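By written order: A, B, C and D. Residues from 1 in each chain.
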Amino acid sequence: MRRFLFWALLCLLAGFLPSAAAQTAAPGSDPGAALLETLDVDSYRDKGEAITAIVQSDDERAREWLQALLDGRLQRADDGRFVVVLDNAGRNWPVEDALTGEALGEMSRRELDRIGINNALRNQLRSAIAVVDLISPDVERRRSSADRLLGEVDEALAETLVPVIEEAEDDYVRRRLGQALAIYQAENGEMAGVEALSGSLHPRARVALNRAASGDDPVVADAARAALASVEQNLKLNRGVETLYFGLSLGSVLVLAAIGLAITFGVMGVINMAHGELMMLGAYTTWMMQQLLPGQPGLALVLSIPAGFLVAALVGIAIERGVIQFLKGRPLETLLATFGISLILQQLVRTVISPLNRTVITPEWMSGSLVINDALSLTLNRLYVMGFALFVFAALMLVMRRTRLGLEVRAVTQNRAMARAMGIRATRVDILTFALGSGVAGLAGVALSQLTNVGPNLGQNYIIDSFMVVVFGGVGNLWGTLVAGLSLGVINQVLEPWAGAVLAKIIVLVFIILFIQKRPRGLFPQKGRAAEG
Amino acid sequence: MAKSTRTVLSSRLVSTAVAAALMGSGAHAVAQENDPIKVGILHSLSGTMAISESTLKDTVEMLIEQQNEAGGLLGRDLEAVVVDPASNWPLFAERARELLEQEEVDVIFGNWTSVSRKAVLPVVEELNGLLFYPVQYEGEESSENVFYTGAAPNQQAIPAVEYLINDVGIERFALVGTDYVYPRTTNRILEAFLKDEHGVADEDIMVNYTPFGHSDWQNIVSEIRRFGEAGKPTAVVSTINGDANVPFYRELANQGIDAADIPVIAFSVGEQELSGIDTGPLVGHLAAWNYFMSVDTDENYDFIDAWIDWTGDEEAVTNDPMEAHYIGFNMWAEAVRKAGTTDVDAIKEAIIGVTVPNLSGGYAAMMPNHHITKPVLIGEVQDNGQFDIVWQTPSTVAGDAWSDYLPGSRDLIADWRKPMACGNFNVVNGSCGGSTAAEEAEAALAE
Amino acid sequence: MSLLQEIRTRDRVFDFMTPRASRVDVRHGPILYLEDVTVSFDGFKAIDKLNLTIDDGELRCIIGPNGAGKTTMMDIITGKTRPDAGSVWFGSRHNLLQMTEPEIASLGVGRKFQKPTVFEALSVFENLELAMAADKRIFPTLTARLTGEIQDRIEEVLETIGLTGLRFQPAGILSHGQKQWLEIGMLLMQRPRLLLVDEPVAGMTEQEMERTAELLTSLAGKQSVVVVEHDMGFVRSIARQVTVLHQGSVLAEGSMDQVSNDPKVVEVYLGADDEEIA
Amino acid sequence: MSLHSTSGRFWLARPFHERATQIFLGVLLAALVIVTVLHVALPRGHALHVNAYTVNLFGKYLSYALLAVAVDLVWGYLGILSLGHGAFFAIGGYAMGMYLMRQIGERGTYGHPVLPDFMVFLNWESLPWYWHGFDMAWFAFAMVLLAPGLLALVFGFLAFRSRVTGVYLSIITQALTFALMLAFFRNEMGFGGNNGLTDFREILGFNLRSSDTRLGLFIASGVALALGYILCRAIVTSKLGRVCVATRDAEARTRFIGYRVERFQLFVFVVSAMLAGVAGALYVPQVGIINPSEFSPLFSIEIVLWVALGGRATLYGAVIGAILVNYAKTVFTGVMPDAWLFALGGLFVLVTVLLPRGVAGLLPGFTRRADHQPKEASA
């Protein structure tokens, strides 16, 4: 199946250097038409050969076609023309002629037949495009194509690869291609490859070594095994780091979810069961922003940080004024009332927006992962969330410790009457505190929109966990919340591999329940007569 | 919403008010010949399942209206009786009882989750009603009063895995699912199937279960990643349910697993689920269904257009359970015509063998085991939230109530035709009612 | 006076319900004995090496400025707060640091809170009924019947504290002073060996004060009484021995005149206001 | 004054001498009789005929009412807001469910004499140890009381000993029921996972699918409610009841007058848990299924709403609340599904803000019982 790559590369190398790419076929009888014709067959094998043919034809539209085919946009109209669909949403699609590239306006999906492909062909296409790109002027393309060729090399390509490796002026490309070659050699039980790969952490390389290890040549097999063993320790270490990272990232999510609660519950003593729904609102704000700014998910996301805070804070104020202020000093009643509010907010979203989940796009710069080494890479979106969590925490700390508001809040919570007497407007403080807590919940929602569903139930999935974190950390203590959140996250992730996700969660819950028995006031309790309540 | 429904609701409002006054004595009217035929719809319109089920309710209402426009059935109009079990399983049983006892409906279309079906089952059997169940499920059941228009495992899971093995050349399988009965059973069937039929080794099968709405997939995905590094082509067979899917696919994408390396084939991810996902990173992942919105037939396009007009939403999507209802409804209507009455027992007789067109250009027939014949399609996710059909069974597959790969049910069959009329006939000891497991156990006890 | 005698004779008649408090051993020495007690909240030393001895039947007044640790001391004696160091003995037999509040209470240590705390939802009568010395385990409590004798006993205490008319009113509606009285009444029902009385006359009228003084002095002798009070007039009217607390330890001790002439005390008291922070 | 008229008597006899209780029992009895008569005597289709569906519905309401009474006992009189009583309810339900499962015997789809269906198709070799004995009614019914009681005992012992109170207690009770829900969802637990237990055939030899049996269960629920109510009243009118109220309003003070508060709390908590278990056991055969969703925190909180709506610390208020809310639910989810959650949510807010004494607060003659009203449930 891979043989075509050899021809592809060969003619590419012989055919043209990056600059001299223009060799249009003679006008009139367009050979391209014939080429595309061969694509419109049922059997995927024939399609595969057709693709090979296209690659070998040094037609400069080849890459376009391959790309369109890969994206499933290369289709055939009832009138037999081959077209490229520009946008396949809705019932009628704008198309352009695949050969001439002229726009043909809209066509109904009923009169179009897509040229279907499957994963095998998708692979083939990717590799083909990669090969084409190997000598593209754009260095990024060359690099990605080099990455792409890891494990895709075959006998023929291997030979032709050698000169390319030598000529490659970009050493990343050179190194990758070298690896690709080594992988090929190792898989065919060549010592050279095994040696070249020993010490490499790259999964693909280990796949190759694994194969070599099960090869018939005992010497090579041993060498391969040795090579695998040599990185075992290193891998374990990486795995440990990975688990820790997982734990911390889960932890930071918990912290984000709980920190707002730590304000409203811990500082004000208000049990806000609608906290989760405030998070939900934050998430929906993100979605809204992305609807308002189509095509710029990144910008929308950044903007929705203040927006989410604002929306949640306003709703929070409404809740405080509308309900909580009437329930002063009756925490359990507040619990019930706010629970009612949470139900209302959920149903509101269901009826106003939709019971279905909403799509929140992850911006480019947040998707994918940060490669530490070939075995360890940290997923970017979670990295951002972690940073965000710390940022929010720091900001809150600042507000509570350094600002007038923080001072007043602490004064009011310690001795309302006294604070009043000193001219602090307690009601105002209540409003602001609650708004702050709610706003933070909104921020958490914005972050969550990048990790999980944006739907009416988003809040419910986090409310219990957040309460656990706050109680575990010690009510009224932001540091406690931070420590509790992170440690619970890590515990959970460490348990998960051997206990399984469900059991891990249960164990953590039971652990907290027992812990509260031992230390009713959490990790960092408030002491003194004031706290004896 | 169809006006017929509205009137019903208001009338129910009155009757319930009366009920309130008289401690709930529901007033009955004995069904007259010219009264409308009552079609009960038992789908959650609120609560967690509303996401999936509310569209099915709309579907049935649409079908009913279409039927009425076409002159109804037996010269009588159809009338939708909608109730909301609110995603609460005991409430499902209660509502079913209400439909059959209070509203005296002639047929019920409803349920999504297995548990809700299990809750309703005894009621439907006790009151001898008709239930059409439109969702793919774990099988291991055949009730005289229930018609399973969704896929049984052998109509979805097994062909899908065969496709992976034969066409994609997969040798290593990660069976990942939500921890409830459908994934459990499906995965057990698949395990048995892979080992017995294809000699897949134990270490090449990984099974993992997660709770509902699981949102933190980091560990499991990295486990899958490592599982895939053993040097054999690997695939994930996903029976992950509903909300848990978004974070799962997100994590896959972020950890750099794309369909080309480790394809995921899902049994519970359809067009509707995709409509809530950023499909960019999913492209190339697979799903196995008996219908896709992208099926290229005129019946399908007509259905889609009708649906879009009914909902008034250009973006509205159709999915497999909707087709199941489409088929089930037409089968029932056909059976009513054939029997010339809506009497339950008559229909049960008449409907077996009824054949109606499905939306993928073929025909669906009601089998004696109350399951239907379906084609199996494999689709690859595209960036526009649709599936590109890459494979399809040459002919339709008949639903199998009892799996051939589970020891308990290997020798059970269901056949509701007289004289057998048995949902769990044991072909070994030729008796109705249970597997040889019974005798084995008795033997064990005897010792 | 005569009335109290009656109570005393009465309780000999009904000695089946005299509290186990009699087990307290005071044959040699004091009934309450605190040694080097220290407790601190978040680093702040509320009680610092406090030594205090109360003899059987003594009436002791404890005064001191805000934050002197008066209430904390009571918390320690009644088992509500555990000290970081030191020892607290009730008689020479019972180490209070190893006992829970109910145990200490049933030993015969009664406490009247600074802020009068009665059971507001229950009637005055029920308040006294609950306080009464009796078998306070679960099932006896569940099956307990209100016998005539018990009623009589409660009626008498109602007399003593002058709330007979209000016996079936919820305690919640009582005035501040009345609550004070009710609480004292509950103490009487408990029949303790040691009464800890925290600011008994706050919010009382002159007459009420006098009656309180009378009551407390009359109690002294049979029961030991420790009074924490701000109202110097009141203290002067009842006090024999006065202890001055300052910053968690004893500043001065002696008769009212001695301490009030003590320069240290005077200095400490300059500018001290009459409210203790809760 | 109730105190005087009754508190001289034997504690279990006291309720019968209370006007409120007499009225309550009277109404309940009347309801039972009327429904039964209308159901049995009148022909189907008669305007006043009460059909099996409705009987079943009321049976369900009654079991909910008993549950509400149990919650009111701890919340109203002890000030413990348990957000986990659904757990005891569900455990009682599971105990009953296991009995009913065993009664299926060979009639299961696999016809296995011992193993329930879900065990057969999940390939269980033999019955897990904790399923043994549930084929005997007496054992199962004992478990209905003991299992929830034991859980409450252990949990309560830990919690009250370390004086976890108020909000903290509410939150960990919630954690408890949440953890149990996750646990019961796991199929390894051997309780049927998400599908729970269903497909019941008969109870004590009566066919569960006949409307007579259902009528019987309805009456049984009524009787159980009456007995539970009397027991609770007897407790709250006893001196122990007053100790509870005292604890609720001034826990520390109660300690200082010599009551071992934590033991009283534990005792009442366990009694309440057992009542909840009985309610669950009556609920399951009537709805025909028990599954982990009964453990969901949401349900537990809803129970509290019933009590709050009916009126705390009155017991009969709890009954009224439970029936009102659930009847409303039945109507609403039928008539306007989307509005239901709005209504429920609204109820939560309005009741807590505007109606702190619930519906019972509106009833005449309520003021005389006002002395048992909580002034507030503070943390």
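In this text, a contact is a pair of C-beta atoms (placed from the backbone, for glycine too) under 8 Å apart; a residue touches a chain by one contact, two chains touch by 3 or more.
Everything quoted here is computed from the prediction, not taken from an experiment.
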*Identify the chain whose mean C-alpha position lies nearest to the mean of all protein C-alpha atoms shown.*
D
*Please work out which of A-B and B-D is bridged by more C-beta pairs in contact, and write that pair.*
B-D
*Express in whole angstrom the distance between the two chain centres, defined as the mean CA positions of subunit B and subunit C.*
73
_subunit A-subunit B separation of Cα centroids, rounded to whole Å_ = 31
*Return the distance between the CA-based centres of subunit B and subunit D, expressed in whole Å.*
35
*Using the average of all C-alpha atoms in each chain as its centre, how far is it in Å between subunit A and subunit C?*
66
_At least two partner chains per residue is the criterion; list those residues in subunit D._
182, 185-186, 338, 341
*Mind pulling the subunit C residues that touch 2 or more other chains?*
80
*Where does subunit A touch two or more other chains at once, residue-wise?*
347, 350, 502, 505
*Quick one: in the complex, what on subunit D touches subunit C?*
1, 3-4, 7-11, 235, 238-240, 242-243, 245-246, 248-250, 252-261, 263-264, 267, 370-375
*Hey, which residues of subunit A end up touching subunit D in the complex?*
269, 271, 273, 323, 326-327, 329-337, 339-344, 346-348, 350-351, 460, 464, 467-468, 471, 502-503, 505-506, 509-510, 512-514, 516-518, 520, 533
*Inside the complex, what are the residues of subunit C that reach subunit D?*
78, 80, 100-102, 105-106, 110-111, 113, 117-123, 125-126, 129-131, 133, 136-138, 141-147, 168, 170, 172, 186, 190
*subunit B-facing residues of subunit A, complex*: 71-72, 88-91, 110, 113-114, 116-120, 122-123, 126, 203, 206-208, 210-211, 214, 242-243, 246, 249-250, 253, 347, 350, 355-362, 367-369, 377, 379-382, 451-455, 457, 461, 492-493, 496-497, 500-502, 505
*In the complex formed with subunit A, which residues of subunit B make contact?*
46, 48, 50-51, 54, 167-168, 179, 208-211, 213-216, 218-220, 222-223, 225, 228-231, 243, 246-247, 250-251, 253-256, 259-260, 263, 272, 275-278, 280-281, 284, 286, 296, 298, 301, 305, 308, 314-315, 380, 382-384, 386, 388-391
